[in-house]
Amino acid sequence: MEENSICIPGERLGSSEQYQPGKGTYVRHGFVFASIAGSIKKESDKSGNLPLIHVQSIHTKQHIPQIGGIVICKMTQLTSAFAKCKIISVQGSNHTAAFRGIIRKEDVRATNRDKVEIYKSFRPGDIVVARVLSLGDALCYLLSTAENELGVVVALSENGTAMIPLAHDQMQCPITLLKQFRKVARPQSKHISFPENSKSALTNESTV
Amino acid sequence: MAKVMLGESEKWFIIHGIQDDMRNDGRSCEDYRHIEVETGVVSNTHGSSRLRLGSSELLVGVKVELGSPDPKAPNEGLIHFHVDCSPNADPSFQGRGGEDLSANISCILTRIYCNKSSIDLNTLGIIPHKQCWVVHVDVLILECGGNLLDAVSIAVKAALHNTGVPNIQVTDGDEGTQEISLPDDPNDVKFINTVNAPVLVTISKVGSRHVVDASSEEELCCNASLVMGVTKRGRTTGMRKMGGGSLDPESIPEMIETGKNIGRQLHISLDKLLKTEQGMAEDIEKAGYL
Amino acid sequence: MIMKDDMHEVVEQPPTSKFQCEMNALKNADGSAFYSQGETSVMVAVYGPGDLKETKQEIDKALVEVDFRPKLGSPTVNEKYLERFVQGVCENAIMLALHPRTAFAIIVQIMQDQGSLLSCAINAVCVALQDAGVSMKHLPVAVTVALRKESESELEDATDVLIINPTIKEESESFSILTFVFDSVNKNLLCMHSQGPLLPKQHERCLKAAKEATEEVLKFFRDSVTQKVAAGLEL
Amino acid sequence: MEDIFKHIQPVEYYKSFLKENIRPDTRTLQQIRKTTLNVGPITTADGSALVKIGNTMVMCGVKAELTQPTAEEPKKGIIVPNLDLPALCSSKFKPGPPNTQAQVGTKFLDNLIKIANLVNSEDLCIVPDKLVWVLYCDVTCLNYDGCVIDAAVVALVAALRSVSLPSVTLNEETDTPVTNINEKTPLTINCLPVASSFSFFESEHIITDPTLSEEDITSGCLTVVSDEHENLLLVDRPGGVSITEDQLEICIQRSFKRTKEVHKLYKAVHKPSESNDQT
Amino acid sequence: MTMPTDSRRLPAPDISYNAKLFTEIEKLSLLDDEEKRADGRYVTQPRDVFLQCGVITQAKGSAYFEMNKTKVICSVYGPKDIEMREEFQINKGKLKCELKYAPYSSPKHGDHIPGASDVEKSDILLEAISSGVCLQRYPKSQIDVYVIVLEDDGSVMPAAITAASVALVDAGIEMYDVITASSIRIAGQDTFIIDPTSSEEFSPLNLEKSNDLNQGMVMVALLPSINQVSSVVSSGHLECNVLQEAIRSCRYSAQNLHSIVRKCLVNSLKKILKQRNTAK
């Protein structure tokens, strides 16, 4: 089988003694099969392990949140103990029927955990980048923003303009100059552009 | 289905038991549980039966009504199946909960009765295009204890066997119209011929073997089963795979063969039972007249 | 009120009791109105802003739920069709952003349908919303106009009779019925519905006539509210 | 990247395009998506049409059956339109009974058939008081990407135009109908209406033929139905931002233009030899 | 018996009849003297198929499948958040299927409210495709599959199953295999008619008088690459050995369909790749 050839689900890619199964594959009776349609990619492993075989999807796949993965969510409800949100995007695939997520008070920041106040970290409607901690219960995924790169990326001030991050815990409206507290995600240097506001704040997540 | 919860290890226990032809209630793979059938239990129907298979219990009533035939088959009568799941059997049947299960069971019954030979629908015709008998079979599920489909089909056959259709007189009236008159004597009836009526046999694949008459615990361990309608002569009158799993093509012939044999045995014992029941009914009636 | 074309000559004086309304007609609702326009009458109850199931809540605004009930029986597609107009008007007029995560429930019960039902219902809702003290950007005002072919005239054009707020009999005789809803501030079109073949010229004429007729309705609104406030002060 | 921006802040995203006077799908504000009409794809129906406006796809099937007329109107046949928005066509819809939107659409089509007098209901009468035709016009949306009602109207009209009814007589003696399949007469359609929808973005931009994402960020559509003689049959604007009379006038003029274009389509497919054409 | 009126649709007459019921239709025999069928096919010859992915842009994945006059369209939504909390499973996704007939798809105008047979068909579809989907890779999620039959000219279930599995592939859902299905009409012990049209399908109403009791239909859905049968449905009166023979033939013809479907899928994938490359 040549490199970059196309396969459909159920196609046998090789023996499991030959390859290490990667994404888009499954193993059955000692053989590696494709589980999605796409092009076959082989990667040889330098540390002496078996070469990795995986299938790269051609269709736009709908990803579901995975433990340790990064998601973008929109805040919906705040209480003193936790913040509830809707997960609107996972690995670049957008969800319309959104999964629900929850960020507990102790998972908001990495430092000074016991001093966290939810109301000073998020507001309803904020767009937040977070990491999935666990699958949670029947209702919600458990999320965390306890990393510098995670937190609020887009927040609108009361007059509807996007606010500019000032510090790790503060944002400011460029028009009213009103300052508000947020758990701000650290803007990444390559995306910072000074004249435009809303777009730049949003582009944070691409590299996280 | 009734809520039975099994842990992974319990499942393994059952699966391994079946592997060694030893089921947790002591049966072997091709054994049925004890069946109790009683006919003529509901007095205001034309035919009825009550059945208990293991812990599954159900009641079947047959009502015969006059109706108009299907324009595509003007000489034939009609048979309708309706299944009702009592909330007694499972709290989830409350409201619309049991609807999917009912629809599925009635569809399978329709499937196995939907051919020329199971029941001769021509005997249910009265006046072509105008009048025919419509047989309504109502099944009420009182308790679910596994293998509902087989139980339902056996009870339906018993109830149909017990059903008397009034002997109707067709007389030519004025201007080419035909008139029908019902007999005065309610006992002036003709029994429905159920010689070819099929029963369902469910063969459940558990692990690499298959079992018949699975209990509700075994049903949880099985991910695919074959349901087939089998006649007295061992022919199939409809089959369907149930459950989310898939089957090895090689195992299908074996399962069909098992189903055929089990079905024939079921018919033999059921017919014997029905015959004695009928005889008894006549005896009782005679006693009443004396 | 029947007007001939060109000269806007009033043929028939409107009866003085054309509009009638009783605010706060239902004691348990947050706001209510019994409103009649000619023979057509509608009862409207407004509840809200009230609680809403968590899954339905919107974080930045209130939801408007309209229930349009026919005189008899359960709502059919006809009521659903009219319901959409009432809903559209309310969503625009009410300042929804003031009450996030809540809902306004508006129940419109038809008491008597003798023509011009849609405009009567919208005006009734408008009065009921005022009774409930809901903050609104403007007052929506609805007027129905019907065009009827002049039966006697032999002339080719410009002989259609224009009827404002027609009765059901007049509606059945007309070839076209139009309902316009204007906002009270800019007199822009909020919502409209017309049915029946109509040339653009005729359409323009109807629009103009309807706009003029809003004044009368607005005046009636003002009077009703003044009366209510005055009654409140006396107490 | 762009995708996420669109998903998270659809209004901002749209504004950035409007600044350049263009729409995300490269259309100008007035431009209408490509419309295709295919008549007669369904052979089990007595008349059928598949209409695509851009990605929006709508199928209409007309079934003619025999029934008894109503007691109130013994000489009139019955036309029953229905708009189905199944869960298949968009994630907005759930399986089950028709939602409000489908009900409103059904009523819209019903209104249109009556106002435009598409089919004379007397034409559908076979024996007064005994036997009439009933035309079930079922419109199924297969892909919901905005302006479904526009597509539904075209599909309905085109499907009705392709209906031919067999001749049916009533056998006096047996009181049963007798059908002669070989003798067919086409249904007479009195009017060829066309619907055009518009959206208003921030009350100043008029957007012709909005897609679903455009419908979502604007409030309420204005739908104008007109025929080839520049008659306005139906104008429907259920709320949303207020518009000026001038804006309404622009929309009406644009709808007349649109009607003329779709009429070419109607004409092209009505030649029995061809069944596919585009504008 | 009058049905309760449906207030969400316009009122329609209680009963109406197809005009064709009142004509004399001559009954065609299944096979003519030259062993050919009414549409000119041989007994073992399936109809030409047409398959297209991605026809419904609003859906995550979709497919349109046509076997001459039989037309089905299918869309897939998900994986998404589970709708009903009772159906929640932490380790596995939930698949939901709905198969609907368009009202104009059959000779008789169909009812809008799904009947028992629609429920059964949705259920058969669900069972046939659920063993092909890697559900354990979608914890806490739900995948919806909707099929609409636009025109029914026989063999609807095989068409629906094939379309649904192609739509799932199009949605990028992880699958064990692309499921294909096929059906056979059995008219006598030795006559197996592959891919029957609606006039050839088994129904007790249009049976010809025959001495051979074996009259019926069989449908098989297959996961061809891993050789597993995900659905078997039969109806009619059949002897066991005939049934088994028919199942074998069905598997064979489903296997044939798989190679066609594969070709279609690969072609459409290549097309997408090409477009992407030229776009770059």
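First chain written, first letter: the chains are A, B, C, D and E, and each begins at residue 1.
The rule is short, and it goes like this: a residue touches a chain if its C-beta (ideal position, glycine included) is under 8 Å from a C-beta of that chain, and two chains touch if they have at least 3 such contacts.
What you see is a predicted model, and the numbers here were worked out from it, not measured in a lab.
Path length between chain C and chain D in the chain contact graph, taken as the least number of steps between touching chains: 1.
Common neighbours of chain D and chain E under the contact rule above are A, C.
Of the two chain pairs examined here, A-C and A-E, it is A-E that is joined by more C-beta pairs in contact. Averaged Cα coordinates give chain A a centre that lies 42 Å from the centre of chain D. Distance between chain centres (mean CA atoms), chain B to chain E: 28 Å. Centre to centre, using the average C-alpha position, chain C and chain E are separated by 51 Å. Work out the mean CA point of chain B and of chain D, and you get 48 Å between them.
Those residues of chain E in touch with two or more other chains are numbered 8-10, 17, 21, 77, 80, 132, 223. Counting only residues that touch two or more partner chains, chain A has 96-97.
With touch defined as above, chain B holds no residue shared between interfaces to two or more other chains.
Chains touching one another form the pairs A-C, A-D, A-E, B-E, C-D, C-E, D-E. For chain C in complex with chain A, the touching residues are 54, 57, 59-60, 100. Those residues of chain D whose C-beta lies close enough to touch chain E in the complex are 41-45, 48, 55, 57, 59, 61-68, 70, 78, 80-82, 84, 86-91, 95, 97-98, 102-103, 106-107, 110, 134, 136, 138, 140, 142-145, 165-166, 168, 176-181, 212. The touching residues of chain D, when paired with chain C in their complex, are 100, 103-104, 106-108, 110-111, 115-116, 219-220, 227, 230-245, 248-249, 252. Across the complex, chain A meets chain D through its residues 72, 74, 88-89, 92, 94, 96-97, 127, 154, 198-199, 202-203, 205-206. By the touch criterion given at the top, residues 77-78, 80-81, 83-85, 87-92, 178, 182-183, 186, 188-200, 203, 207 of chain C touch chain D in their complex.
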